[in-house]
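After this come two complexes, each holding subunit A, first together with subunit B and then together with subunit C.
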Partner chain A sequence: MNMKSDDIILSGKGVTKIYGFGPNRTVAVDHVDFSFKRGEVISIVGESGSGKTTLAKMLLGLTSLSDGQIYFEGKLRDIRTHRQKREYWKNCQAIFQDPFASFNIFRKIDAVLLDCIRLRHGRRLPDEQKVEMMREACRFVNLKWEELTNKYPFELSGGQQQRLMIARIFLLRPKILLADEPTSMIDACSRATILDMLMDLRSEIGMTPIFITHDIGLAYYVSDTVYIMEHGRFVESGSADDVILRPKEAYTRRLLDDVPKLHEEWDLSTV
Partner chain B sequence: MTTPMTRAMLEVNELTTRYITRFRESIYAVDHVSLSVGDGKSLGIAGESGCGKSTLALSLIGYYFPPLHYTSGEIIIDGRTITGMDPDEVRKTILGREISYIPQAAMNALNPTQRIIHFIEDVVLAHHPGTPKKEIYERARERFELLGLPASVLQKYPVELSGGMKQRTVIATSVILSPKVLIADEPSSALDVTSQKMVIKMILDLMDKGIIKSLVFITHELPLLYNVTDDIMVMYAGQVVEIGSADEIVFDSVHPYTRALMGSIIVPEKGLRDVKLTAIPGTPPNLKNPPSGCRFADRCKYVRPECRVAPVDLHETASGRVYRCIIPEQELRTLYEHEKR
Partner chain C sequence: MRYMLGQIFSSVRFRIGFSIFAFILLTVLIYPLIITEPPLKTISRGTFLSPGIYVNVYDSIGFSPQYTLLLDGAAERRIAAKLNADDRASMKEWLVKAGLPEESIDTQDTAALLEVWHANFDPTIRLPGMTNADRNYYIRLNTALDGLLATEGATIAVPDATTGALKEQAVVDQTSYVNIYEVPNSRVFPLGTDNFGRDVLTELVAATGVSLIIGFVAGTVATVIGLLLGLISGFLGGFVDDAIIFVTNLFTVIPSFIILILITFSIGQDKRGAITIAVVIGLTSWVWTTRAVRAQVISLRNRDHVNLSRLSGHSTAYILMADIFPYIASYVVMAFILQVSSGILAEAGLSILGLGPRTTEVPTLGLMMNWGMIYQAHILGKWWAYFPVILVIALITFSLNLMQTGLDRVFNPTLRE
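Our next item is the complex of A and B:
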């Protein structure tokens, strides 16, 4: 890496994931290199099956790498033990696609938020302070803690649950936030709300958001740098304006063509 | 509002349907909805989740099962009133033959243990008992090839097909009897962009090749609706808030809610990054006891005390715009202009 290493928050060299072996061998992510700058908004765009979720899982440390290395803040990431993993997850958190599947349905909302406080501040906090922190987090995402306490996650709507996920992130204040299709299960109106909140949160706690999405419009709206992924490889990357408005690769152009737009004719003959 | 130049294929007058809960509460999810879709025309229905657009789709087919109940209004398909008919009669002679409905998760309806052709035989035999299987197969093959689906799909099991292919198969099957009206409820929202495009192309093909006469398309993806349908109807809390041509609704809407909806569109086009998306604060009202005045009042930026007094009617202005708001069109436009600056 030529750049000053403290500018780069997360980077990878030859990151590869192979599932199965023999005739079933599938290369999900194929020798991918990347370096994400601190404070930048990054999007990884790809269709279903392009390996973007596998890459996200590796970035989060949820699956092991078949080959290659990931560097976190310039140092080789070492998450072999559970203790090291917990330490890493203080810095790297995620929001997933399906808010209904993201919560343990047997645990109340307070417990979810208290877990976050415990991960960040340890166990020795007075109760009043914990309540104040939960209030603040809920206020940030336009929820009322008084109405949430003693409720279960499934009592909330999809948009509210996704906001609760953001409240979690607010409490944890990670350096990196991986958002894996954060808005694909909610409708267009709530989508704007969620994206606004994520962007506010970014300026509030100075994190680096990484969006994993198939929605190229969303990637264009939020991000500074866009990576286009096809068959486990990055086919194109660069600033959002360059990639979306002046795409070089045929694959990027095809992805763009497939999206219905407002000011351009949607050409259906290319199917 | 489009003038009914062509014959109306689907006409709905003041249709009201409700859900009756276990506690005998009535929830009016479709509240005095009127619409008209002409021959060769398509209508899009947009709105947030929970605004009643899927319930409207279900209500349009004229066949109701609990907890959904018919309350009042009429549905006329090509001059034939289907409301008030015997439900069994509707199922046998109207569904699939006059009007077809594709629900949101249609592709999950395929029986995994049966070949696609079996599924098609079921549909045809239910309406025309005694049709020879050979004839059904020929007809299905012809129809599939016309729509660009390989005939080999007929002999396959659903698990052998991809999501987009399954969805297209289900659509092709639902129009096997050439219904006049097709109602498609989010037919492409579970698919990725490439499969979505194929599904949309097929639905437009159905119109072009005259297999169906009119289309009602429901989705919350406004750019998609803009590209697919002639007219767009926006729903909020079970009511129609604005109807107009796709251009009118997307680029020149009158109602504050439509305006806010359009502000949340994300498309990968130049200029998107310069605008800030507008989020609508709050949540839609509970339809168990809807507000007495305008249903959007609590979330509206331009709300006035008189908004909350009496129900607001859908009205047509001199310039031909149809919307549900007490503020006159000119005044609303001045407000929007003012805000831009």
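Our next item is the complex of A and C:
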């Protein structure tokens, strides 16, 4: 694996998203600069409405930019045509917050996984090889393909669905993975499993995970670099230790205070 | 699929609506197999024959076996049919005016009444306050009273071909009967005949079929246009959305029935077939489907499963068909059912105004009402020429709407009781 410390995989300059116009004008993301190093675990932390999900969608290319540029592997990202988008999505994938809403309820699990194989390898693969790939992906996330085939995603539990999502990523092997609150909708026991799997997957396929989260504890637990986002801007960024153990901004300190602690009375005054 | 059908049929509303609709549909399909006569064939001379069984008189007196039945009250019923209560009252009125004491006349006792009548009636007498029409009526009545109380039968005679002398052929007694099933020619008109002398029931069944086809074609056209525009406008957004919603708003503010009238009028009578009318109806009624589909697509397009499908590299067309359409399919089916029912109503409305399909080929429910109206069936009291048509239109739209609300309750769990 080629992991130079100054190898920038994704960077942005003045990235802005404005919704509406006139009196309805809302600046969701306001001239944000960033550069994500290859192989690092990055977290973007902010409370609800801070613009982190909009930023994630722009990074994924699901939403257009109102202003600014995004550079992928040093080159200006160009995803105007559908073909270019497909190329980009081979390298940049996502895991969404709500596993129950992430799957089309009319399509079977096999179809979801076969989509990934088709995107990465094209159509010309023998069926046995496809099955073997699906089996391997399921094994990686501790699911049995034999039990999943011909089933619908909604027949699984939330944790299983999120693991199925990771199996997708395993098949696609992207360079960047945007995980938008990947553990917020599942129970605490599955949470650690999911995070461990994502970390295993990172070392397995050498991708750069970007966590979008409101949970600063999670950010500290997993990431190398942390960006703190407030009202569409990055107010603080740096290594996880710097930002979280020695916060400079009041907003960061408030986020830290909101993390529930086991042996202290909860302070609900800021909620 | 099977589970869903079970769910749908568990709704009482849907079951009732489906039964009515299935009955109408089966009638339309099966009836022409039994009665193969063309629906627009003129059968009767004379218009608006009332519903009933028509037995050939010539066959029944000449060629069918005759039976003697001794039934009580047969003579009374015969006399009552010839001389009804109104005529009796008129007779009494004449006699009283002619100077007879009122108490001496008993209208119930036919024999006594006739005796007094024959003794006193004189067509030449002009009573005060009697119009010419009244006088003629009494003369007609007097003629009709001849042989009223006769008990002998009637003689059937055939003129001799060369001499012209009448030759007795058969005698029909008052107690003679024929079995309708043994008379070679008889015809049942369950709903009578219309102004052109056509069998209303046969015509109605054919018209129902044509109207259903018009409804389905109109509904399909409207739903396809509405669905496509709604999907495209809602999913693509931006300029395309603005353009489509602009046109849609234009069509929303102009009442569609007026556009419909203008288009059908400009097509011209000779070019208006049933299917043309159906397509025109469809072309003017897609607006609400577009708006509703667009609204639903806008709420769907930013859902995670759509984003995931895009990330999997699917094309826009595939996403619309696989990730958006199934989620709104239930709504589209319901909208389609309503479009069918409003299509049938729109055709009826157009035809009443005389803008329906041209009248030479097929009947439609609207055309039947139009004919009924033009030939004044409602003024003449010929209810069978228009009321069954209204009933069928009401039943079709009622059953379709009932099915729709039934489906609504299955697909929208919040509406369930």
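Quick note on the criterion: the second predicted complex is superposed on the first by the 255 of 271 C-alpha atoms of A that agree within 3 Å, B and C clash if a C-alpha of one lies under 4 Å from a C-alpha of the other, contacts with A are read in each partner's own complex, and residues count from 1 in each chain.
Simple rule for what comes next: a contact is a pair of C-beta atoms (placed from the backbone, for glycine too) under 8 Å apart; a residue touches a chain by one contact, two chains touch by 3 or more.
Treat the numbers as computed from the prediction; the structure is a model and nothing was measured.
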Fit-or-clash call for subunit B and subunit C when the two complexes are aligned on subunit A: fit
Touching partner for A:179 - first (subunit B), second (subunit C), both, neither: neither
Of subunit B and subunit C, the chain that contacts the larger number of subunit A residues: B
Partner chain(s) touched by A:240 [first = subunit B, second = subunit C, both, neither]: first
Touched partner set for A:60, first subunit B, second subunit C, both or neither: second
Geometry of the superposed three-chain model: angle at subunit A (Cα centres of subunit B and subunit C, steps of 10 degrees): 80
Partner chain(s) touched by A:191 [first = subunit B, second = subunit C, both, neither]: first
Subunit B versus subunit C as contact partner of A:44, first or second or both or neither: neither
Least Cα gap, in Å, left between subunit B and subunit C after the two complexes are fitted on chain A: 14
Residue ranges of subunit C touching subunit A (in the complex, touch as defined): 303-305, 307-316, 322-323, 326-327
In the complex, subunit A residues that touch subunit B: 47-48, 142, 157-158, 186-193, 195-196, 214-221, 240-241, 244-245, 254-256, 258-264, 266, 268, 271
Complex interface listing, subunit A residues touching subunit C: 57, 60, 62, 82, 85-86, 89-90, 93-94, 96-98, 101-107, 112, 115-116, 118-119
Subunit B residues within the subunit A interface of the complex: 48-49, 192-194, 196-198, 200-201, 204, 220-224, 226-228, 250-251, 260-261, 263-270, 272-273, 276-281, 283
